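Okay, so here's the structure we're looking at.
Letters are used for the chains, namely A, B, C and D, taken in the order the chains are written, and counting of residues starts over at 1 for each.
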Amino acid sequence: MATLDHYLLLSAVLFTIGTAGVFLRRNLITILLAIEIMLNAVNLTFIAYGRFLGAVDGQIIVFFVMTVAAAEAAVGLAIVIAMFRHRGSLNPEAFRTLKG
Amino acid sequence: MIPAVVAQILLLLFVFFMLLNSASVMVYAERKIAALIQQRYGPYLVGPHGLMQPLADIIKLLFKEELRPLAADRFLFMLAPVISATAAFAAFSVVPFGADTTLFGLLEEPLPLVVADVNVAILVVFAITSMGVYGIVLAGWSSNSKYSLLGALRSSAQMISYELSYGLALGGVLVVAGSLSLREIVDAQAGTWLGVIPRWGVVTQPIGFLIFMTAGIAETNRAPFDFPEAEQELVAGYHTEYSSMSFAMFFLAEYVNMVTVSAVATDLFLGGWHGPFLPESFGWIWFLVKMSALLFFYIWVRWTLPRYRYDQLMMFGWKFLLPLAVVNLLVTAAGVLSFVG
Amino acid sequence: MTGDSSMLLWIPLLPFLGFLVNAALGRRLSRGASGGVACTAILASFAVSATVSWPFLFGAPAGAVDQRLYTWIQVGDFVATFALRVDALTALMILIVTGIGSLIHIYSTAYMHEERESEYARYFSYLNLFAAFMLLLVLGANFLMMFVGWEGVGLCSYLLIGFWYTKPAASNAGKKAFIVNRIGDVGFILGVLLAFRHFGTIDFQEIAAALGPVAPDSQFGVVSLIALLLFVGATGKSAQIPLYVWLPDAMEGPTPVSALIHAATMVTAGVYLIGRNAVLFSHAPDVLVIVALVGTATALMAGTIGLVQHDIKRVLAYSTVSQLGYMFLAMGVGAFGAGIFHLYTHAFFKALLFLGSGAVIHALGGEQDMRRMGGLKHALPVTYWTFLVGALAIAGVPLLSGFFSKDEILFRAFQSGHTWLWTVGVLTSLLTATYMFRVVFLTFHGTSRAGTPAAPDVLVADGAHGPSHAGAGHAHLHDAPPAMALALLVLAVGSVAAGYVGVPHALGGDNRIEAYLAPAFGAGSSEADGVEAGTPETPGEAADEHGATLELGLMGVSVLAALGGIGLAAFFFLTRREAAARAAARFAGLHRILLNKYYVDELYDTAVVTPLVAVSRHALWRGVDAGFIDGSVNGVGTIVRQGAAALRQVQTGSVRAYAAGLLLGAVMILGYYLWR
Amino acid sequence: MSGELALFYLFGGAAVVASLLVIGQRNPIYSVLLLIASFGALAGLYVLLDAPFMAVTQIIVYAGAIMVLFLFVVMLLNVPAEAPIDHVELHEPQGARWLGGVLAVALLVELGWALWRVVGVDDGRPVADAGQLASVLEIGRVLFQEYAFAFEVTSILIIVAMVGAVLLTRRDSGAGS
């Protein structure tokens, strides 16, 4: 029987993986993916706790997180495209100059 | 006496093979009907009335050489058709096609005629269908040819656009039936009004039905929405580079998808296995009849209507179908609120 | 009796709507349209007021009608409901405001006719707005509501005094009025706050009820302080010593405005304030004495000044001040009924006089200096006769309204034991008669002195009657046009008849108005012993024989005073014009002092204004503002700039670095909570 | 070990491995696909947690829509696989990268620690109203009654995101330059 601890630990691991991804990868798209991983780790926590507390609110929150994630993906990818057109690269370090 | 587990497994295999068969049957039917529409004979050499034609096709496909472009991404190139086929088959798994049966007393407890009975079945179907996109997209991308890529992008764009109308059309029925489980939806359609009018979804949701069928055709990339494989422009689109078995899988997937859509439509709008003159245990016959009618409609449409232009398709999808679906959903909801409770 | 309380809101609302209309699309309206809108609004309001106050006037005069609209403010235990209330007193007031207001609106349609459309609409929008606020003032059921109206009328008076804002004198006068009123308002606000602190409520009735069982302050207590502060506010609004200085300058505004705001209604707000809080004041005998003193002093002072002014409107202004003094005298001796009675009659004849002077000015194309008038009797018959009636009324000639009310006051003053106050009152009434008839004779009798240059000793730049009239000369010497004539006649009738609601018992009348007003000064509907202390005028008490004979005697004296005053005026300004000049020459010093209004303005200027300006310039501006505030602002700027220069090093532009910073923070915070 | 636990380890392991691979290799296409896989595994976990509706939503929204968007972008830009660090065209400081990595590990340690403190809060007894948790009806009720306002607000959020995306990707205004 998987307890709350199992799920929390799992989501901690996933979250860390996402965090590490944000730093280690040198490709904006992959970084966005890593962020999605983090979001999902959080979602898992919410649902696990919702189950543990016997309330659907956890699922509701996840619902909203998904909405936000969708918006974030749309805008983020749009920015990525714009930047790629601008610099021809997706390496975040390619955009260090603070002036256009 | 067969234990339930065994029965379940048997059912699963049965459904699988029936779907496989349905593909070949559909191929034959398609060619024959096309011929009739075009005043030809169609296949008639292989076997009586060319009944063996599908078999011949399959054998031919099997013995073809498995080609793969050099520049292709090997793994994804292999993966794509598998995804398509899997999605196609998986989608059917939650579609019930008959009332519970004991197979004339062979089973001790009645067996629901559905591979997996989920209480959010309709959403599952929806989800798995949306997975189908990946097959196409990956195929197009991995085979690294511009025709494939274009076909893939087109088809995925098309599927995504029409998924919305598809889902909203479902919404109408769900609101009326008040459930996400296909079985309950079907059972909600049992019986008649005034003894003559069947309580089918198509009666309560005529517009929803039309939207659903249109979107379904687009979802399955059938004419007149068959852009992915628009031969004239894209030399068969995303599966240009495919041949032999992998091609067969796409082929299969397309027909299985048609079957799935028709089956779902039957469950949602045509009262599933409910119908007059037949006992419950033979409801699946009604189901087959209705489904076949829809499949015929598919083929009929394909050979009757010309293909749209791509921009027209998108226009139609976003500017007509989607708003219509939304309005339909709103009106339905309002109606349910005011009449039912 | 809580009858048609739902109608109360409409009384102030209708003029307000009129204001909105004229303010919003006045530019596009024709003169007829905007004037029509304004008059309709005020007349409708008058109709509503009449229906509302009908039961009070002719029914059982008891209790009050409330209309609570909503709870306006609620902070802790401070609750201010947006509530309107009508009782006997308010019923009278709203009738005066809307009634006189309507007449003056009508009068204005003709008087302001030379203005441009937009100006015309602006004028009427102000006028309506004033009516709305004045009605709110008198209808308000608590101090806060009253205060809204109080400030509102102040604003309108400012706007209307400075109506011809292109004229420096006018705009300055407006500012002066506004600022002087602010001083009074401070007192008012403090009074209200203290009242809330003391009583825990600001509702008039509740305060009165709270005071009911309490005995009056033996010596100067909190209640007295509240009363005193409120009285300071009253002096500001009602132009009493020491805050009367704004009223004469207010004559820069259009004459109908002077009639409506600075004679009939607004300036009486202070009197109303005291009447409204009769119970409160009657619990503060010391303050009542102060009120009486101030009132009397003001009456005398203003009367003397009025004696020598040359500007017809200024004479009227000073007469207004002195009449207000009378009212405060009445209030001071606890004769609230008499005070309100005089307020009511005064509204009629003073409005009449102002409108009459307006007609004269109108006819003479903006001339206000009496030394260039004269002999207008035949040219302006209607104006002349109505003006004469007004003058007789204010002079207190028997059987006219002024007679009854003024004598009531004097009688009460005497009865209350302040004999010398009574003496001064009589003297003042003599003065009143004198200067009023000086005006009459100088303006209407004798020979026309039109076009003679003004004598050099005219210190005040007489407000020309608006740019539109400037230079019009005396080309058109016409009598009042119909609209103005109508107003004049109605008011004349009023000035004669208005007094008969208060015929004293000595003359076999039943002092109806006093009986009628009595409950309004009690602690609401509830019984209250404090009331009797404050308002000794209950018919039975005043009707005893001794009182009657005494009253008759006093009456005779004041009648003699009035006639004597008229006689003096006739002697100096009708028959022996040169005698006046000689008298002026003999008492040159006194004459100059009077002409310069006791140099009060100059006094204030040196005592208050100059130091204030000096402090503001040197201490506040150069010191606090330039030194401290600017310094600190610039300092902040510098700090920010240097801090930014330092922090700029952190901005590597590498997103990853920023993210690392974020994560570091998260890790540290989490770590902190774990270590604890 | 019960069947549920087995399933948990199966899905959880799949999710972890997939996620590791997502950040573990250079080809964005594969990253996207692996992420989809990990989402699938998570969906499985949601089913274990009596949240079938969320599981399906996860598939439809994440796998079906968001990831397709990613895939599209990757394809359209035809993003090349990341170049190995030694021959990157512009010399980039690696400090932040490694710091980030270390911090991530530190975070994991801390989370583990925090978890270890509360371990055993859930004694593993099955929740009473699993059915009520799973019911779409209940979710709908809560979502549209208690969270109605938030729901409406998200619609605004979506609109803004749409407009923003369209604006950003317009040809004439690339990267706001």
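By our rule, a contact is a pair of C-beta atoms (placed from the backbone, for glycine too) under 8 Å apart; a residue touches a chain by one contact, two chains touch by 3 or more.
What you see is a predicted model; the values in this text were computed from it and never measured.
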Discussion item. On the document's contact criterion, could you list the chains that touch chain C and likewise touch chain D?
Written reply: A
Worksheet item: Hey, which chain ends up farthest from chain B, C-alpha centres compared?
Response: C
Practice prompt. Averaged over CA atoms, how far is the centre of chain A from the centre of chain B? Could you give it in whole Å?
Written response: 34
Item to complete: Could you give the separation in Å between the centres of chain B and chain C, each centre being the mean of its C-alpha atoms?
Response: 88
Item to complete: Starting from the mean Cα coordinates of chain A and chain D, work out the distance between those two points in Å.
Response: 5
Worksheet, complete the sentence: The distance between the C-alpha centres of chain A and chain C, rounded to whole Å, is 72
Worksheet item: Using the touch rule from the top of the page, what residues of chain B touch 2 or more other chains?
Response: none
Worksheet item: Tell me, which residues of chain C touch at least two other chains?
Response: 654, 656, 659-660, 663
Worksheet entry | Sequence positions of chain D contacting 2 or more other chains | 53, 57, 65, 92, 96-97, 99-100, 103-104, 107, 111
Worksheet, complete the sentence: Touching pairs here come out as A-C, A-D, B-D, C-D
Worksheet item: What part of chain D is in contact with chain C in the complex they form?
Response: 92-93, 95-97, 99-100, 103-104, 106-107, 110-111, 113-114, 117
Worksheet item: So in the complex, which bits of chain A are touching chain D?
Response: 1-10, 12-27, 29-30, 32-34, 36-37, 40, 43-44, 47-48, 50-52, 54-57, 59-60, 62-64, 66-75, 77-87, 89-91, 93-94, 100
Practice prompt. Could you please specify the touching residues of chain D with respect to chain B in the complex?
Written response: 29, 33, 36, 52-53, 56-57, 59-60, 63-65, 68, 71-72, 75, 134, 136
Worksheet item: What part of chain D is in contact with chain A in the complex they form?
Response: 2, 4-5, 8, 12, 15-16, 19-20, 22-23, 26, 28, 31-32, 35, 38-39, 42, 45-46, 48-51, 53-54, 57-58, 61-62, 65-66, 69-70, 73-74, 76-77, 79, 82, 85, 88-90, 92, 96-97, 99-101, 103-105, 107-108, 111-112, 115, 118-124, 126-130, 132-133, 138-139, 142-143, 146-147, 150, 154, 157-158, 160-162, 164-166, 168-169, 173-177
Worksheet entry | Contacting residues of chain A [partner chain C, same complex] | 19, 22-23, 92-93, 95-98
